[in-house]
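Both complexes shown next keep chain A, but they swap its partner, so chain B is in the first and chain C is in the second.
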Partner chain A sequence: MRWIHPEELEALAVGAAILGTGGGGDPFIGKLMAQEAMRETGPVALLDPEELEDDALVLPTAMMGAPTVMIEKVPEGMEAYRALRAEERRLGRKADATSPIECGGVNSQIPFAVAARAGIPVVDGDGMGRAFPELQMETFHVYGVAGTPAVVADERGAVVTLETPENFQLEWLARGVTIRMGGHAHLVDYPMSGRDFKRTAVRGTISMGLAIGRAVREARSRGRHPVDALLEATRDSIYGHGVRLFEGKVVDVERRTREGFAVGRAILQGLRADQGSRLEIRFQNENLVALRDGEVMATVPDLISVLDSETGLAVTTERIRYGQRVTVIGIPTPEIMRSEAALKVWGPRAFGYDLPFVPLEVRFREQYRQWGVPREKERYLVA
Partner chain B sequence: MGYRLGIDVGGTNTDAAVLDEDHRVLAKAKTPVSRDVVSGIRTVVAEVLRKSGVDPASVAHAMLGTTQVTNAIIERRGLARVAILRLGAPATRAVGPLAAWPSDLREKVEGPSAILPGGVEYDGRPISTFDPEAVRRFVREALDQGVRAFAVTGVFSPVRNDDELRAAEIIDQEAGGEAVASLSYEIGSVGLLERENATVLNAAVSGVARRVTEAFRAALEGLGVHAELFLSQNDGTLMSLDYALRYPILTIACGPTNSIRGAAFLSRRRDAVVVDVGGTSTDVGVLVSGFPRESAVAVEIGGVRTNFRMPDLISIGLGGGSLVRVEAGELRVGPESVGSAILQEAQVFGGPTLTMTDVAVARGMAALGDPKRVSAEAGLLEAAFRKAVAMVEEAVDRIKTSAAAVPVVAVGGGSLLLPDRLEGVSEIDRPEHYEVANAIGAAIAQVSGTVDRIFSLEQRSREAVLDEAREDAFAEAVRAGADPRSVEVIEVEEVPLAYLPGNAVRVKVKAAGRLRGVEVA
Partner chain C sequence: MRWIHPEELEALAVGAAILGTGGGGDPFIGKLMAQEAMRETGPVALLDPEELEDDALVLPTAMMGAPTVMIEKVPEGMEAYRALRAEERRLGRKADATSPIECGGVNSQIPFAVAARAGIPVVDGDGMGRAFPELQMETFHVYGVAGTPAVVADERGAVVTLETPENFQLEWLARGVTIRMGGHAHLVDYPMSGRDFKRTAVRGTISMGLAIGRAVREARSRGRHPVDALLEATRDSIYGHGVRLFEGKVVDVERRTREGFAVGRAILQGLRADQGSRLEIRFQNENLVALRDGEVMATVPDLISVLDSETGLAVTTERIRYGQRVTVIGIPTPEIMRSEAALKVWGPRAFGYDLPFVPLEVRFREQYRQWGVPREKERYLVA
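Take a look at the complex of A and B:
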């Protein structure tokens, strides 16, 4: 366990935006919310999942809905806390900890605001290790945790408890409630035991966000390039070493809306070592596939992040535009995200791409042999 | 005859131009910015009127673009304490006003603040009921503390502004005209904290704005000019002095905007990239349908994140006064500059310092001073020139929206540094009067109206929503003083809301037209 202080959330915001892989919403407001809560109540404990008792109760918290609405109708601050209390009443016991469901984007910060208000720790792990758009896109769902009873809450004190045997229906119903609540809401879902959290969560994802955020923020003062510092910081994480996929200039962006998603592609023209090549990134809120001169370089659920080449800060799919100098990196997703059951929910085919999922460690095997990989990924190094 | 007088106070120079009713340039003048600003204005206006032979009494409109408001914020000078009222409770309580402000600015500006009921959802339904008595109590308390500037921000006021207007009415009743209320819907777009920040800054500079406008009026009256007075806004259109007193923050970055508009007018182009080269820096902007393209990202002013409209600019440290030197074997051009000391420092004028002006003169691109005084060898001059060209080319490339070659309009006193060809550029236009394009941009400015709101599509068609937005923008422009016959819609932007399936869209429409004519004796 260690204590997280309000100023550390600055680094987490930078790192979480990178883990958002183009989506997940700007962590800015979430960061201010959590900082304000922590200034009132003190720092928040961050627990390693191993420190959880098997019979502990973990109640993950998040915001859902449109980040564009959230930046205007800023939350009241107690929504997720009320959702947590309502869930406790429903379950008849107190929460021992909260956790993110999504460590990419704004949802990296919400659990810290809740934890500060409720006086409980945040567990260092989440349900995806990145950002995804829907509530069933969680390792919790894939490995058999029930999404409900779930509680959706708004700023006025409305609290809606949802119960359904199907996690897909949870997504559908909760989104409907969110729209009626004015476009964004806070929720508690996937209530689970410490045992289930240890079994199903992607671990160490908050630490990952903090580490890469700190690397980017501090690189300049250490005389390093932010992208180099970031990639180095990924090395000792559960993800494994990030890889530089492409450096170039955005020469075309195509974006349209389909069922509430920003769907499109960005084309990059290579600079420096990548001169003469083109990279195409396909996205649906988050970046899904990267193709270099027509050849697949990386696919979901491996993380594809677009960074400003100067600052190393994340460039979102909403903000990417012609002329930007960007560096595209791939970060291998943790192994728990790659089971057959998991890939059914978020593999390339789940997003409509007729592509097999080939891990970054296989695509860049030679490099990974040099860098090394976490133990559970060693099989990828064997041809 | 109703003449137009355009004045632009920049970082180094104050420029002025006199135009006739048909927008022909009759005279232009330039003078260094004076410490008090206003004596520089007096000097340059007197000169330009003398050169033009125009009777001061027949100047119908005078337009001023000035950096004084920006400077007040950056230098934290003359700022008022502001009472900050937010309408939207219980929403928004998670983050209080001024949350991420630099502490030195916050100390100067922060007055009493409250988050009270009011505001609406994205679709216009109320969040909570506006409470006039609570607002009245807050206003009285602030007035008792001696605060006279108010900033009012309602949730989704770009969708519905009723509650902000009600609050303003209460402030008026209680203060009896002694206080000014800045309303956020007039200033920024969706993004509560950024819009509130801009609104608070606006209220904080109200005193500065009063001094600027009074000095401007007095300077012109002293010269016998009794024209209708306007200030330039950062979207390339004008506001009356009354409006400028209420919304001074909208003058920020009007200088580059005036240059872009001036470039459009002088080159008769509506779509181009504009490169404005000054003494210290070069601003590269984009002309779309005759107006500067707006920045899509949050803009920091004095360390505060805001979201009000600003021209989309790339500024690079390259100008006529930029230093050229070799450091550790590497050639460097700028960002340091001799600035306004060019006549003392540059080698062609007998000074000791090698500047980009010397490079241009030695290469025969400009006839200034004495080219024989330039001491550097030809190889170095050539390398410095190529480096400067590469800097401009990269900036132009970054600001373009597609890979196709675009025309460039070159303006500003330093634009003689630019070659006749640039990579990614179809042609370079150097219009007559390029060196005072900013003052001309101020003189020919139009008036506009903008709508930027989130519309619900649950019970209406997209076409109906766009029509309503167009009509509102048109009416806004006419209200601001445009001749209805000349008003046209110059920009329509539609952004669907992400993660909110299919029922809401953010629409932004801008309309602009010529000032309604006035009779002049």
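Take a look at the complex of A and C:
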């Protein structure tokens, strides 16, 4: 257990934007909400999942809906806390901890706002290890945790409790409620025991967000380039060493809104070592596939993040635009997100791409042999 | 208190279709659901509201959504019962009775299916005294009862509990959930005390449905015309004597679906005493305004019902078609539905017609002087 102070949330926001892989919503708005809550109540405890009692009650908290709407219709700040309290009433029991469902983007921060107000710790783990657009795209779902009772709350005081026989219907109904609440709402879903959290969560994802965020922010003062510092900071995580995929200039962006998602692609013209090549990134809120001169370089669920080449800060799919100089990196997805069951939910085919998932460790095998990978990923290095 | 036997539900369906004023959904499907439940459990007690203890818990039950969908996607039968049980869990208390929220159409029957399964009585009263399309269009809302906690349930086992600070948001969110549940769902709303039910409900509406349904069904065997028998049966109710507005042939129907409602108008060419005149009926699910040769004859919330001229059975807005010979009747709305607060919610202006509500008793004053009206309506007869 360690204490997270309000000023650390800035680094977490920088890191979470990178883990958002282009989507996940603006973590800086979430940061303001969490900092406001912590100003009243002080720092929040961050628990290692191992510190959870088996029979502890963990209530993950998040925001859902269109991140674009969040900028226009700013949250009132108590929504997720009200959802937590309603869930406690429904279950007849107090929460022992909250956690993110998604460590990328705004949802890295929401649990800190809730934890501060409720006086409970945040657990260092989540259900996505990155950002994904739907509620069944969580390790909690993949490994058999029921998504409900779930609670969706708005800024006017409305609270909707959903109980569904399966988790796809949770997503479907909660999405409908969120739309009618004005486009975004807050929620508690996948209420679970400490035992289930330890079994199903992607671990250490808040620490990962903090580490890479700090690396980017502090690089200059240490005489390092932010992108180099970031890639190095990924090395000792459960993700594994991030890899530089491409450096270039944005020369074309196609983007449209389809069924509430920002769908499209960005084309980059190579610079420096990548001079003469083109990279195409296809996205649906999050970056899904990167093609270099037509050949696949990386796919979901590996993390594909677009960074400002100068500052190392994330460039989201909403903000990418002509003329930007960017560096595209890949970060290997944690092992728990690569099972057959997991890839069915968020492999390339789940997003409509007829492609197998070939991990970065395989695509860049020689490089990973040099770097080494976490022990549970060593099989990818076998020739 | 008296017992309602399954075979009586046929008369109730005939009467409720007339009280549905063109809308309200097909009561004959509801009848089958209620009869099936009662076959297992026997007759259901019908309580006069006066028999309710002040602190009894009344949980009104209903179906909501597009009646057209109900014909294609037949309910599973336990939805409203599951909603009742979920509401009891939420409130921490068993229901002492259920009631309709709407006595017109399918919702006259749903409480009987629930009551049979739960072993509780149905209270003889509702929140509309007819059919209306939205959840805030209830006397319960008009006279200050909170619509939530409300529960919406589908045929797959999903249960959604809504808590909203006000009743328009209940309608908005419940409608969204219903759409995502496939177009129709069942619900409990306006949970209330016996005291509140007695204060706010339109009373005796199930009895009214039974009485007019019986009158229509039994007229022939008593040597009466069904429409005459029906009008006579309205006389001693809290509604007051129904009045024949027009007899004619349907010569034109315009109907389109707009935001989930069947909106349009029917034109009738007069027959017999009405030869040479035309009647126009404008509807939005329910019949809202009747114009004879361009002059207003009747408006919502007075009941405007189109009947088959031969059988006296209701012709709904979905089924009205060219060539039908129909008789249009008006039934005065009960006094509790005419307050200023009530007319704000369902007067002609609430449906977009720039018309005052002029009651049938005023429009046909001479006739009502002869017939007499219930005492609380006598002021309408003052010259």
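Assume the second predicted complex is superposed on the first by the 383 of 383 C-alpha atoms of A that agree within 3 Å, B and C clash if a C-alpha of one lies under 4 Å from a C-alpha of the other, contacts with A are read in each partner's own complex, and residues count from 1 in each chain.
Here is the rule we use: contacts are C-beta pairs under 8 Å (C-beta built on N, C-alpha and C of every residue); 3 or more make two chains touch, one makes a residue touch a chain.
These numbers come from a predicted model, not from an experiment.
Judged by the touch definition given at the top, the superposed model places A:Ala262 against chain B, while chain C stays out of reach. In the superposed model, A:Leu162 makes contact with chain C only, not with chain B. In the superposition on chain A, contact is made by A:Trp172 with chain C only, not with chain B. In the superposition on chain A, contact of A:Pro27 is made with neither chain B nor chain C.
Looking at the shared chain after the overlay, A:Pro75 reaches chain B, while chain C stays out of its contact range.
Here chain B and chain C are compared by how many residues of chain A each touches, and B touches more.
By the document's definition of touching, of the two partners only chain B reaches A:Gly183; chain C does not. Under the contact criterion defined above, the residues of chain A that touch both chain B in one complex and chain C in the other are 156-157, 175, 179.
Residue ranges of chain B in contact with chain A, taken from their complex: 88-96, 99-100, 119, 121-122, 125, 127-128, 155-156, 190-194, 296-297, 397-403, 454, 496-504, 506.
Remark: chain A residues 23, 25, 29, 32-33, 36-37, 64-69, 71-77, 113, 133, 155-157, 175, 179, 182-183, 249, 251-252, 257, 259-262, 269, 285, 318-319, 321-325 touch chain B in the complex.
Within the complex formed with chain A, the residues of chain C that make contact are 86, 156-165, 169, 172-173, 175-177, 179-181.
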